[in-house]
Amino acid sequence: MEAFQKIHPLEFYRKFLIRSVRPDGRSLNDTRKTTISTGSVTTADGSSFVKIGNTSVVCGVRAEVGEKPSTDKSKLQSINNHENSNIFINIELGPICSNTFSSTKPSDMAMTLCSRLNSLINRLEIPDTDFYFDEEGKALWYLYVDIYCLDYDGNIYDAAVLSILSALKNVKLPKGIIENNDEYYKDLEQPLRELNIKHYLIPTSFSVIEDYILSDPSLEEEKLSTGTINITYNEHKEICLLLVTGINSISESNLKECMKKAKDRCQYIINLINTN
Amino acid sequence: MVKKQEFRRLNGRTQGQLRSMESEQSLLNKADGSAKFSQNKTSVLAAVYGPIEVNSARKEKILKSYVEVTFTPALGNTTYLDKEKELLVKNAVESVILTTLHPRTQVSVIIQVYSDDGSIVSCSINAACLALLDAGIEMNGLIGSITLMNEDDDEDNNKCLMIVDPDLNEENNSKAMAIFAFSSNSNNIVMSKTIGTLTEDQYFECLKAARGCDSIIAYMKLAVKNRIMGQNN
Amino acid sequence: MDKLVDEFVVPGDVIGKIGDLKVRIGPGLLQSKETVVATKAGVLRYSKFHKFYWIENEQKRYVPQVEDMVIGTIVEKHAESFKVDIGSSCNALLSAYSFEGATKSNKPLLNIGNLVYARVTVANRDMEPEIVCLSQKQKAEGFGQLIGGYMLNCSLGLSHYLLSEDCYILQVLGKHIPYEIAVGVNGRVWVNSGSNINTIIISNTIINSQFIQEDQIEPFILKALETAKEQNQ
Amino acid sequence: MKEVISKNEKDFILSSIDKYTRIDGRSITDMRSIKIEFGKSFGLVEVQLGKTRVYTSITCDIVEPKPERPNEGFYVFNTDISPMSSVSVDPNRGNPLENELGRIIEKGLKESRAIDTESLCIISGSKVWSIKISIHILDDCGNLLDCASISVIAALLHFRKPDVTVIGNEATIHPIDEREPVPLSIHHTPISITFGFFPNEIMIVDPDNKEESVMDGKLSFLVNIHKEICGVSKGGGTSTSVHQVLKCSKIAVIKAAEITLQIKESIINDIKTRQSSINNNKRNGSGFRNNNSKNLEMVEHNK
């Protein structure tokens, strides 16, 4: 059986897909078991560990204080340039998570993911006042979010978004005062305050193998797939990011079907994020 | 009922009006195929080499040819934002190329931005399609791409206006944007990406308006026809 | 099937149904489940004599076909064979015995950089192309090494035109300058004549022939000959 | 994939150069035709020297100066040999030729004081202009250095930065459509002329890629219109006699003068066309072209 899977992976999968079941026992719409735990890294200001099936991702947030950028007026305020948000995301897909990645050059996938996540983070609409270090906001908190993938078994996008969201929820920022305009002192009496994140981000991904749509694809399924759909909703069922890419095109009806599946899953994920 | 004066954008175009398109083909001497596609201030040069030998054995595919896209912006060197644009162009282009006809080879598409004044990804995909036609790469259809944008309507601000082919300052103060790519042989969605928050019916409204992409594909057919027929007679 | 003949077609256009008529489809066309679809942009041509449809387009990258006459440059020299670059995606294999009268003892003395005029015998997408320097009747008949002279690169369309019998340019050139020419279908033309200046005039006329009208070719040659005469006084 | 040149072509080129003739019919001291095209806004220039094509784009923004040089702006050069210029260029591996080209042009401009960074100062210590110059090599048919240097000079002369008025230490930047933009202060324009050397004392101007693969040595002069030599670059190859170098410099001076005139002319009439297009827009008052009744305007340029 192993040899058949190695030589003809597509034939092997087609035999399962006809009966709308997958080799690991899931049906086409089932997603793998997702666990989220936060606060696992004590040295970081906020951290989370997300595991979707075998894909596991660790995310750490490091907060630093810096002056307010002086040239904000000339910089254009816009949804797609990242200079004006205070959160910088970096994702590392090293050789530790799968042998397809080389340790020297950041892979294309890591860079595209990084740019997608950075443009997605603006959708959280965290008010600027949350980032004020002191009352008037002369100094601001800057959050450096680093995501490390420990084990890559497909669907890294969902794991990354969930890990960022739960890590940011876990962040606690102390207030502080500035003395003779360059020493920053943390004010320890006042309680640490959390970022009030207005919107949840609920990601779901699908991959298309010969007009079968599989949700939450594993690595083999991603390799065989000819198209991927990533849909990210917020809790008002508005689309925060919809990405349809791949070699064969996807019909409108399939897309509507995927959207419905993604919406059904929203409530489950919101409870998951709130429980821990 | 007085017909509402048609909404005019800052740059004078109506809601559904595309910018004027210009194109020029086989302008490079070394590349197998090349084309320059410009929409008013946004102009992109695309060059194609293919089918050629794969430059690194790791990328070689046994049954198909490997499509590689390089995107260089007008200024400075490529950042991770350009890597994502490369991925969007690569997917849109790979869906029309018949890759099984030349296994173990490589088709490299190189995009050079001349000047970026909004909807740069769509302009690059259209330029890449013209360059592929010029290089004579086997394709099963043409690929056209269009960008749409939502803007708050200043009269009643809950309804938002959906405009086509935004330029840079429209794009920079837009609420949400959507990029679509369609091929000429089926009306499925080849590639679609949204930036910013959109409700579902806004998305499907954009999808309906994106069918305006057929006029871009019609323009491309005319452009190639003029070049080839122009030469013979 | 032939309502589109001599018409401009674009990839994705359905040419027609196969039905039961015996017909051969050439480069630029693809049969997919009973219908023939165009894969390249160009003009559909039909030759009644061979019952053969193909698309004539402007292309620079050569895709090897069996029975094509090509000019190649030797890139690698092995004991029994040579690797020859013919401008396609991978180098062609030329065995040392595929020359007239070549035996184990007297092999042709060719080294890296030499030009050969050869015929393609094996060409399919999964294998390396193979070429031989023998005609079908196993005679040299002009195949083999090309010594001296100059090789210029031009588009595939122009090389097909030069190979057609009634090619006006070559006849006109022949009236004024005695020369020797070998045209490869892979867009390479080898020219040799008495003096360097004549070869330069011939190669320039061939390259510019695409851009000037037929009746202006002769005055172009005569003018070039005069300037050449003054120069070497 | 490597560019392959056959021995027959090499021998032919060498033998025809011995008889003072070149393949494309040029004489020894002829340069290829130069075509200068200006982009949609200021500072975007594409220059074609024969078939070699180089595109240069310039932008400016305001940055804080270095503490040790408070009133000096920055000129940042970035050269990129695009993989479209030839099949043997590998995008992900660095290309040594890139920095060599960039360095020669940058040295030619900076050390000869053609461009000065003091004029870029707005408020010393806090606000200076930083001009970013990106050079893209799009089609490599020989002699990249000359084509790149012509396109950089044309772009620098053509570039206009927004007008700035300084009151106390508050600088207001006027957008381009309100106040006429200001050109850069360029003192003189060094142009590079490259010579190729062949056996028995023959030298040619502006070698193309086939001649480049055959010639023994290369010498480039950066000369300006006042007959001053701003830079010389001799990249190895055969040694050349002093007499030959002097002869080269005389030719280079004449050629550089011709090219600078051509650049200045093309800039003047491009500015004229830009002025006229802005004026007729203003005249019909609506600020946009008045033929937008047709839904889709198809304009077709055909070579």
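So that you can tell them apart, the chains are marked A, B, C and D in the order they are listed, and the count of residues begins at 1 in each.
In this text, a residue touches a chain if its C-beta (ideal position, glycine included) is under 8 Å from a C-beta of that chain, and two chains touch if they have at least 3 such contacts.
Just so it is clear, the model here is predicted, and its values are computed rather than measured.
Relative to chain D, the chain whose mean Cα position lies farthest away is A.
The leading chain pair by number of C-beta pairs in contact is B-D. With centres set at the average Cα position, the gap from chain A to chain B is 27 Å.
Inter-chain spacing, taken between the CA centroids of chain C and chain D, is 38 Å.
Chain A and chain C have centres, each the mean of its CA atoms, that are 55 Å apart. A straight line joining the Cα centres of chain A and chain D is 44 Å long. Each of the following residues of chain B touches two or more other chains: 26, 49, 52-53, 183, 227.
Within the complex, the chain B residues that touch chain A are 80-81, 83-84, 86-88, 91, 94-95, 171-177, 182-183, 186, 188-200, 203, 207. Chain B contributes residues 11-14, 16-18, 20-31, 34, 38, 40-41, 43, 45, 47, 49, 52-53, 55, 68, 70, 72, 74-77, 108, 110, 112, 114-115, 117, 215, 219, 222-223, 226-227, 230 to its touches with chain D in the complex. On the side of chain B, the complex with chain C involves touching residues 26, 32-33, 49-53, 96, 98, 101-105, 133-136, 138-142, 183-185, 221, 224-225, 227-229, 231-232.
Contact residues on chain D toward chain C in their complex (touch as defined above): 4-12, 15-16, 19-21, 23-25.
The touching residues of chain D, when paired with chain B in their complex, are 1, 39-41, 44, 46, 51, 53, 55, 57, 59, 78, 80, 82-87, 90-91, 132, 134, 136, 138-141, 286-289, 292, 295-303.
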